Amino acid sequence: MRLLVANSNTSDFVTGRVAEGAREAARPGTEIVAVTGRFGARVIATRTELAVAEHATVELLAEHATGCDAVIIAVSYDCGLWAAREMLDVPVVGITEAALVTASLLGTRIGMVVFGDRVLPIYREVVERHGYDSRVAAWRGIVSNAPYSPGDTSAADALAVSAAVELAEREGCEAIVLTGAVMAGVAARLQPRVPVPIVDGVTCAVRVAQMLVDARPAKPRTGSLAPLPVRAQHGVGAALAARFGGGQPA
Amino acid sequence: MRLLVANSNTSDFVTGRVAEGAREAARPGTEIVAVTGRFGARVIATRTELAVAEHATVELLAEHATGCDAVIIAVSYDCGLWAAREMLDVPVVGITEAALVTASLLGTRIGMVVFGDRVLPIYREVVERHGYDSRVAAWRGIVSNAPYSPGDTSAADALAVSAAVELAEREGCEAIVLTGAVMAGVAARLQPRVPVPIVDGVTCAVRVAQMLVDARPAKPRTGSLAPLPVRAQHGVGAALAARFGGGQPA
Amino acid sequence: MRLLVANSNTSDFVTGRVAEGAREAARPGTEIVAVTGRFGARVIATRTELAVAEHATVELLAEHATGCDAVIIAVSYDCGLWAAREMLDVPVVGITEAALVTASLLGTRIGMVVFGDRVLPIYREVVERHGYDSRVAAWRGIVSNAPYSPGDTSAADALAVSAAVELAEREGCEAIVLTGAVMAGVAARLQPRVPVPIVDGVTCAVRVAQMLVDARPAKPRTGSLAPLPVRAQHGVGAALAARFGGGQPA
Amino acid sequence: MRLLVANSNTSDFVTGRVAEGAREAARPGTEIVAVTGRFGARVIATRTELAVAEHATVELLAEHATGCDAVIIAVSYDCGLWAAREMLDVPVVGITEAALVTASLLGTRIGMVVFGDRVLPIYREVVERHGYDSRVAAWRGIVSNAPYSPGDTSAADALAVSAAVELAEREGCEAIVLTGAVMAGVAARLQPRVPVPIVDGVTCAVRVAQMLVDARPAKPRTGSLAPLPVRAQHGVGAALAARFGGGQPA
Amino acid sequence: MRLLVANSNTSDFVTGRVAEGAREAARPGTEIVAVTGRFGARVIATRTELAVAEHATVELLAEHATGCDAVIIAVSYDCGLWAAREMLDVPVVGITEAALVTASLLGTRIGMVVFGDRVLPIYREVVERHGYDSRVAAWRGIVSNAPYSPGDTSAADALAVSAAVELAEREGCEAIVLTGAVMAGVAARLQPRVPVPIVDGVTCAVRVAQMLVDARPAKPRTGSLAPLPVRAQHGVGAALAARFGGGQPA
Amino acid sequence: MRLLVANSNTSDFVTGRVAEGAREAARPGTEIVAVTGRFGARVIATRTELAVAEHATVELLAEHATGCDAVIIAVSYDCGLWAAREMLDVPVVGITEAALVTASLLGTRIGMVVFGDRVLPIYREVVERHGYDSRVAAWRGIVSNAPYSPGDTSAADALAVSAAVELAEREGCEAIVLTGAVMAGVAARLQPRVPVPIVDGVTCAVRVAQMLVDARPAKPRTGSLAPLPVRAQHGVGAALAARFGGGQPA
């Protein structure tokens, strides 16, 4: 099985971490194809960068999805998710969506740990868009840049553990989502210090994607996810234009 | 991998259909252990029977879960689901929950096809309890007993297809859930005649359960899903009493 | 008027407290028939025990409801409530439901006082199932076993008062529900120390039940609460099997 | 027991119907004091008339509530309800609120039958304000003036029955509320032709009010329902001014 | 353009403050007609006073709206708002509604600053009625009477600033509404000390009203806002009776 | 006053229609600067094209917003709206947001008329994201391409009128939103045939934008809308990169 893991951030370091986490989570024999965004922010942390990443994501997938059995959007805002489900014939999974789905199968009230105060409202919107606002009971924002570069992450780990423990003990959360593509594989490291299940997006997304590949779901033939119509697109990448059945307009 | 598929209905015919559907859905090498409820209704179709099945489910799991890697509750009301998650150390999945989770990854608005008018309100409550009422957009109830005994199901199939097509075309649903344990594996048969993805519970639950086994989630140590305390239980089965760390009270 | 007060817990002490509270609350001339669960936990405090109690409740009512004018389910999780409304021809009331209904007629935002942290999420689900989540504004969990055995309860009283006062003064709650069957009649004792109305379930349920008896509501002839169909039931109590119009299957 | 039934409509005919319905519903020995609004519309059917009735209601209650054990606001918009709960020391019940509460104890999904298309949105707002929008599943508006004057109501009855049957059979409603003060006592007449419980506001409100009188609830000492402060009021009735501890300002 | 600014409070001081704030906010050449309620409380601070003000508002508008291009209800409970929209042919705006609308265009999560603890629940109901409860994320109540009489308001200002800063920094609010008619124009004074946009009702309402005047919206011909039918009204002001096409009944 | 009207569609025809509608709606002396998207679809009608337009919008605004007093995003999916509010110091308005805001000030329940069945679910998501799902009561999708090219639109007009009349008369909607940038100014033409207020996005957005310019709202200094941090952006337009305080990375 071949999984495309698309990091629409332009940071190769993050793509590396994501690829590593994905490989750990995948079943034996899975090929992980990890790609990095061609344009935009190194690490998306503003709404403007996220708007760019919506586009960067569909370009990235248009280019690389061919030949893959499923696609993971490895940006924790799940940007471009439903567009990708429209554009492609194979299953597509967002990492925060996958973490929410998994957490919902493990605990009743879900707690969210987010890196950065500025992006907290954006994550709330992601959760609402997925329809999980009735399940998500509490939030904690923590501030640390350590995960985004090589080196010691024990201080960041401690912050995340402390947030997760608070969510469990003070807020009654029974499952924790650790957001952020760069946290790929980290939940397992923190689990022994957290009294309820804690999951991270990339790890969950790999498993959800593999489950969907097994399910071989039908491509919708009607509605907002039906195959793209043939239409000219101006000034987009050739691969993306080709998805609309044509080159770019003359 | 060994999966317990627990049908708390007391109908061996339904268990047979469920087991067959589960085996088709499971990865190669999976052992499906299918068990039938010891007491209660042949096919749960009233609230009173469902109340009995809540108990029957935990008895059934107490008896048979040992040695299994995950448990599927193969009753489409997902009875005993959170109790089972408390009682056991391994992942537990409800079949309607699994179908909702899967449908939510494939389409935006979900349509529900239910066998029987009388049970329709009960299914609405199941969906609300899972927090999926904002995702489920429309319902169709159909009336046929054909699936519950051997023989030709083409008329029942036609009813289900017609309901699903209506949900897609008139109600704008982009994924369909076909409820009922006995519909195990049927969604795939109907798919060619339905323009959006259609899924059934047992098939989805097997895949979700296998995904969770791969994830090896931690058992909660606090909250409403923490291990059962040691407590005496009166007049319950020995296996269930043992789950509370003791025999029955003198 | 004859009221069945069914405590599906197997603790006679709790039944005693419930019966006493019910007699204080009932109009003169009311006969209170208090019965104790035949099987299950002494005091339900886990999800697994609650699953057993769903069944125990319908068995208990099947056996004892005949000849009663209404039924009170004296377990604060309101287990088996809608099943009982289906099975029986007389009004059925849950004690937490009754407390919520009463509180909603006395104040805008409702505060909940719950004994035990572990069960707090279960109570949240009870409130959601009744559709009262938009009215319930805040929760306090307190920890004390004192109410469950004879003896001094002044320390537990102080905890409950302190929780109720906080709900009123910090959270703006204008009516308080004191949950727990064993708290029957206790709200009146605490009221002088609480600045907004405080009610307990058993007391409210007796009054709601008597109101419904006066109303002589029609039994539904259609829907999920219509009379039980004639159907065989395996391995359930004779009285419950009889409610389905038959004995147990051969 | 003495119940004030306050019809803030200025129609004596409606007051007569309400009083008659209230007397039928009350326990023996209850004194029904029925009063009619001093100013405003004969039968409130616009938002502007309802705004006037908010005031008319508190004037009416300020004048007549003294010496009564509870108050029923016999206008189906439940106008002035929470104001009355603030102003008075005795229980206050709105007729639509009482019908919703009663219906919620009898069926899962509630259906609403409303006289008049123009007022339908206003009733929706009443239901939302009571927090019952998650319980109310469907609406039917019917048009007939027959109930508002003496004479044959069989045509109006037939319309109401037909609406209620539709709500039960097509919309899956399991309890029906027949709105309108003038429908006092009518639900019982229609019940034999409706397959699920149907209730009317005045009948329910009398029973709910008597239940609350029995409960002797405490008057809130804090919050938005605490006793009125001493404050001058300009140009209001003497009884209302007196409720604020004073006459009118010089 | 001529704007009626109707303060249904009977305090001329508040009307003066409102008129001043309205003039500052209006475009050049706008005539502000500020009127004070004829009856009721000086400053509405209880539910009973608010019920009176519902009526006072429609009387006030019936008398003064003729010849005005739009109407502002300058009471922060937005009393009589939809009644006024029914009664009149010109746009009507509530001051809290206008503040919510404006805040929603400037920030995601809205924080509310309210003067007085007793009225806090009433404001919550206003917000819910406008359908803004999903946008309003947090509340702060502050206690000060200073704004309601001439003199130094620096202490009240400091309280409001502190509440607003907390809403922004601790609760993640991105726009703040400062409620209260008397706070007309105050938001601009506090803005430099608050890190997110803060708005007050009167200032916003003037701008919203002018926008609606420019839009020349059609008067509804059907529904609950259609023109008033011809109907007799008992005991109301002559201007209000005239709005129903007649004098008072003989 | 200078308003930027940004059509992220790449169709100059649509930009022309939008500009014309904007000029009609603007106050005298307003300069309308209408610009067309540099890349993407001619008329966005799929999720994939919308993802591209998120990016195209912020590029377009980065290039053209300087010197404008406010910005209107003239794409009815309101793409890039909150990003633009973050990136810019001046007010930004989405056309569907503006229509919803305006409709909410004119009627209680809002009806939506949408061109195209495929995009209907996307519009539902736009409405939910704005928090207006509790106000929007019903939807009608109509199919016509006529508005997107010059020529007779009387057939499309008739479809829209018929949809709007149905929304008012069958669904009880009291205000109608006509979606689509290309419908700029059309609502006024249809109004005489529709019994409740009908509004279109561009017209509303111009008025809302002018209102916000008058209000001179503060730029948030904290939260998700605070000024963009200085950060390198890869492969984006020079104007957009400059908004992040720098050129493109070496």
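Here are some notes:
Order as written gives the chain letters A, B, C, D, E and F; numbering starts at 1 within each chain.
Methods note: contacts are C-beta pairs under 8 Å (C-beta built on N, C-alpha and C of every residue); 3 or more make two chains touch, one makes a residue touch a chain.
Bear in mind that the values here come from a model prediction, so they are computed numbers and not experimental data.
Between the contact lists of chain D and chain E, the overlap consists of C, F. Listed candidates were D-E, B-D or C-D; the one reproducing the A-F interface, defined as more than half of contact pairs identical by residue number, is D-E.
Computed from the mean C-alpha positions, the centre of chain A lies at a distance of 44 Å from the centre of chain E. With centres defined as mean CA coordinates, chain C is found 29 Å away from chain B.
Of all residues in chain C, those that touch two or more other chains are 82, 85, 108, 120-121, 125, 172, 174, 223-225.
Contact topology of the protein chains: irregular, matching none of line, ring, star or complete.
Here, these are the chain pairs in contact: A-B, A-C, A-E, A-F, B-C, B-D, B-F, C-D, C-E, D-E, D-F, E-F.
Across the complex, chain D meets chain B through its residues 108-109, 172, 174.
Those residues of chain A whose C-beta lies close enough to touch chain E in the complex are 117, 120-121, 124-125. Chain B meets chain C in the complex at residues 10, 37-42, 45-52, 54-58, 79-80, 82-87, 118-122, 125, 128-129, 223-226, 228-229, 231-236, 240, 243-244.
Residues of chain A touching chain B in their complex: 25, 27, 82, 85, 91, 93, 97, 101-102, 104-108, 130-132, 134-135, 168-169, 172-174, 191, 194-199, 203-204, 207-208, 210-212, 214-215, 217-218, 220-225.
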